[in-house]
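Below are two complexes that have chain A in common, paired first with chain B and then with chain C.
Moving on, here comes the complex of A and B:
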């Protein structure tokens, strides 16, 4: 309501003429009420925007630090000594500041595991090389204190041997038939699992651990220095990822400062470490560099190497599956219900149920997905489909289908009947009227509704929790039956991690997710605006 | 129902003639002066079978009888107008000819509606084929939301699969037939919705003509248009007469008088009178007709 301001003053003629006195007072009050009401609406808008602004600002504040990551310039010594004590690869002043991942990487670079196994060349070896490995008997010669001896079954031995060695043995037998029948102990390259076991005692199944441990004790298994690559020993200087505690300290978080702890000496960053870090920073040996790992890596146990790339790929893949399932089924169902279904009790029941489906809490779809796809899939012999993109996609498709059906019906209804009648009068069959005239005219409405439904599906977490997509997924999926996760699930699992460095990554992931959803909605807006039709 | 006079040239019936024919002293129909008598089209015999024959034809919406037992016909290659007050069933009757009433749930018929020798509502009738042979133009212009070219080309493409230069020729002929070619020949591929109402209606006529129908049905084609567009379309219909059989529903009595050869007057679902336009407007048989055409009601 825009009246010239003169009107907002009660007209002076009203004040002069006593007949209008009562009404002019009321008129003034009415204008005042108007003004107040307008003010309230603007206030409401401002409050809503304030919430949005606070949310976004807080998110950016939390997530922006994750764009950078602490790196440290250090010498790494690859020597036989490193094999024994991997920590010694680093000089004293950087040893406790580098990321655990760097230490592990050094360990696997500096050498490899070796294991002595008993090999028996038989005819069967030519078909399947694993037949060459036979049970390994340890005697008191190997281990003086082993009174009863120990036999390690070949199945366990096979877990300790690198698979490439089996092929090599097979080739040896084929090229040198004189080996046939030989039964002796051979030193073979160890498997990655053995290597991990030898370095940090993990990586092997419990059953195998005893045997591997005995082999280690008796020096029949051990790490060997990679002399080919490092000769006598080599030392390199390079930038490596710093430990996430260092990263958090450098970014200035209060919780990482030693002073925040009741006993600073027991803090993750002690005062001495803090001084050292500051010194190295001033010397330029520690820096905050762009965190490219965030966009290239997958989930990781260490926050510094954690990234959301598999989550992004997983989201796109799941969304693609949702699209593939929802659009055809949803649009065709809508067409049938809107154009062809007779108006009887059956059709009405279907309509009521579809509307109800759209209102069901999303987590229930997760249970449905679990039963329908995972359990049914196992029963049908498709293997365990939990955590796969196809199950996530199918579950979300169930959830999005009612939304698409409802919005498509609205789009179809918006097409004026006159167009259908013109089509019929021209001699088009019922399906031709729909396909030639109604569908093309309603495409923009269908697309807008679909994109909005998909944008919603992109942010769903609850149903995917049940179906298992909230799992530790370090690698991006290559196909629909690979284990995968989606962005909101990744955010959810990172937020719950003990290391606080994951919090800032979760915040940044939220920003990425928001950006994607905004883009999808913007596309929907543009499509709708550009194809506004005037009938 | 057959013509009694067969003038070689159109003539306007003068007021003097009408005066003498009045049975009531309540005045005469001012529309009578608008009636134009046209010669029978070439090649149509005097007792030729009408294109459409209604025999005790009724149309029901559920239990409501919207058209009550009509006995009439639409003459070959002449214009038959159906007039009457709102709600008298004239649109229903027209829509029943090409079975557009099938699209209305609960609509059924009794009696016969014979088109081209077959009962339109017989069990053997192919509705799609029927509608292909009968063109329809609606009250509110409803071109498809496509280009002008695609609108006119739709019918030939759909039914004959025509394409290429043959299709171009058909489109041009249809647009010429609808007196629209000169106005749109430079913008054939622009959106049809961008035209004025009158142009859109002529486009709908061109669209209907594109597949060479035998019969064209006009359902109040000019009631949504301005007088100038109305006049152009009336001229167009007069031109089409002789080549196409035309049935037109109108509540504009001037229009009926000017362009039609036969007129049906309907009232509350019943066919009150059906005769040559000249006679209906000058010497109507029934009093109700008389009162309607003199503007007493409706």
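Moving on, here comes the complex of A and C:
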């Protein structure tokens, strides 16, 4: 064999003994397998985390643009012409760029509708002012070409008159009794529906349209310019909301660029419009401002004014109801099962039952909520409870109950028996021991469990869809029996809207929802970590 | 003389609920009543407690501590009112009598006061208040526990009742084996337009079941290996510090609402898959089964992982150590000793995850469609999608289309219950008993 020197090492064991060589190879293979296995497990975990990262980044990317909204600095000319054609209030270069909502706002700002109605002051008017309005007879004096005359029933007239006018008539009669018995034509302020009808011929029911049309023809109804405010006509310069197509173009979305259409002239933003928008942007007349509408407005048919405030309020209200229902019943049930229940068939049934409830798909709770609460409400004559917070809250409460029961039971079980026995030794009853010793000791566990249960309930959509909380809710609810929607339901309905501008709002709403859920979970974690009690 | 007239007037006034109804926003009314009752309860508690302490001062020995007498008074005050409310509720639901809400509010104020007066007289040293109060408490606890039974019964009954009405008109066999699902015709038939084109009403649910199972299979293909492997890492390899970091992140993944997953699946993942397959020349629908399947799998990973983690952590250390003592590597120990020991738990975790996937709604409603096809690359649908589709909108319970949603709900319920039961049985029967267990 060779001598050890600077270049040759001592002969290895492998060279000395062939059996050891085989063993060493096997051993190395086993070690390699071990290393690979560990690598796979780490990889699995990393894939899950990578997904979370990709997911969050994508959502932030999609939702962040919604924080800003395009606005245009434009002149609005409030003149008598604007009454008939609100579009003409805007100069030509911004007319097709402003949001539809701004046009309607201009129209209601520049003047109001007026209608002549026949008013008859009687005793009944003091009780119910709508009694003042009587049928309106149109004769050939009003409309020369009207051959047979026309009577517009008072129910139709009431639709054309602004409700505040009725109150005013009532006040007039009360303060001036000499009006009693008078029957004459009076000019009253028109209702918003009449105002809309006079502008674009929509907004009124079929039956009323004919009468309103005749009134318009005979000049007994019409728009009146708000001269007090605007004098002969005034022009103001202000920032108004841009149309959502402009907003999407400005944010650089590919689908809004004229080039992505087969015929750019038919695109929502034509090349000419695009050039104009770019020019205005460079001049500083178009800007992307903070989208405060998102946090103050309710749902809307136009993306630029859509907001999630009612959804936030609704979520808080529904969760409040869930907490109110779940916590007492859940804690009481857990106390019963842990401390008082005898080991018989009833207890076993209840326990099996709770475990099964925890695993039932959430959509079936929606079915129960629909059948039980909604039809129950109808029976009781409380009206249609379909889209209300109380039904949503009750349905979610049933769903969260098993979760809270299971976690509360774990918290109660974690309290050592020695505490209970000490209490009994001092002569306390079981209930006294529970209320004065076990419950206070397990309170942090109970809180953790309920917060996690609440966080889960906050994200539930399927049962609420069935119970009807995915409706168009433009106003925040003021009580548990008002129509409500919740954040996940709002996300769902925005995702389903045709305008793509709603997608970025849905993504932003998702970020808000995720933030709330994460904060709740974080609070629960902190509580759990803080209260690592050592017995 | 005037008494019969006033009496009949009062009685007819009472019967015509309208005249005596308080017109107040219901929340305000309920809130005010609750507040008044709380104050009454406080007053009653204090009064009887003070009286008891006074009795004790005269030297008599009490049977219970004074606060129990206080609670005795509170219970006695409100039990009659609660009983009266139950009676009123039954009267109203069976439409025997329409009770104006004045009566309800009055009963919660007047009855407690009357009861308080009567109870105060009964308070004496001999009264065993504690026993009486604790009996009531026990009844309340039992009642709370029975609410969960009520819930299950409610779900079962509501689904069963309407499903029976459905199956009166549709053959069960056809439902379970037919391959065409087009309930739309039922709506038109109900409206008397059953002769129009394309109204072949069929309720063959096989394609729906297939869709559910297909998406569930894809989901479990993602969730099972990733969930199990990450659980192995967490229980065998991870140090305490790593565990403290990774557990919250996994819980974060578990806390993400399903509507968010659905949004991501529909908006980002589905187009990705369509683009990926078109690179190979295959055309995929935007409502394919793969996108919701993958996302559902990711959603289930934390669920599967935490269940498997619990199971594997509960395998005792000594058999692991015995394996190391024989010279095994960690991988061999896990693969040949720990996993087989934990197998029943892992199988049970798997079944529970499948049950969860089957019942999932939002992800499929947003990422899958309504058409059922055999290939995962084409449009797909599930049972839950059709439950939602047929139950929203104007529900007329006589409409066969709406009833079909209930029958689908019943199928879903039975499937998930069966999986849960099997999973529990697997754990119970095959759980290995270790030394000292």
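To be clear about the criterion, the second predicted complex is superposed on the first by the 487 of 535 C-alpha atoms of A that agree within 3 Å, B and C clash if a C-alpha of one lies under 4 Å from a C-alpha of the other, contacts with A are read in each partner's own complex, and residues count from 1 in each chain.
The rule is short, and it goes like this: a residue touches a chain if its C-beta (ideal position, glycine included) is under 8 Å from a C-beta of that chain, and two chains touch if they have at least 3 such contacts.
Everything numeric in this text was worked out from a predicted model, so none of it was measured.
Superposition of the two complexes onto chain A shows chain B and chain C fitting side by side, with no clash.
Superposition on the shared chain A places chain B and chain C such that, viewed from the Cα centre of chain A, they span 40 degrees in steps of 10. Of the two partner chains, chain B is the only one that A:437 touches; chain C does not reach it.
With both structures placed on the common chain, the touch criterion links A:197 to neither chain B nor chain C. Which of chain B and chain C touches more residues of chain A: that partner is C.
With both structures placed on the common chain, the touch criterion links A:359 to chain C but leaves chain B unconnected. Contacts of A:461 after superposition on the shared chain: chain C is touched, whereas chain B is not. Shared-chain residue A:48: touches chain C; no touch with chain B. When the two complexes are overlaid on their common chain A, residue A:502 makes contact with neither chain B nor chain C. By the touch criterion defined above, A:424 reaches chain B but does not reach chain C. Of all C-alpha pairs linking chain B and chain C after the chain A fit, the shortest spans 7 Å.
The interface of chain A with chain B overlaps its interface with chain C at residues 429.
Against chain C, in their complex, chain A makes its touches with residues 30-31, 33-34, 36-38, 40-45, 47-49, 51-52, 55, 58-59, 62, 328-329, 332-333, 335-337, 340-341, 349-350, 353-357, 359-368, 370-372, 376, 379-381, 398, 401-402, 405, 429, 431, 452, 455-456, 458-462, 465-466, 468, 470, 479-481, 488, 491-492, 495, 503, 506-507, 510, 513-514, 517-518, 521, 525. Remark: chain C residues 25-27, 92-93, 98, 130, 134, 137-138, 140-142, 144-149, 151-152, 154-155, 158-159, 162, 225-230, 232-234, 236-237, 246, 248-253, 255-260, 262-264, 266-268, 298, 301-302, 305, 329-332, 334-335, 352, 355-356, 358-362, 365-366, 384, 387-388, 391-392, 395, 406, 409, 412-413, 416-417, 420, 424 touch chain A in the complex.
Residues 343, 416, 418-429, 432, 436-437, 440-441, 533-535 of chain A touch chain B in their complex. For chain B in complex with chain A, the touching residues are 98, 100, 103, 105, 128-129, 131-132, 135-136, 138, 140, 142-145, 154-155, 158-159, 193, 204, 207-208, 211.
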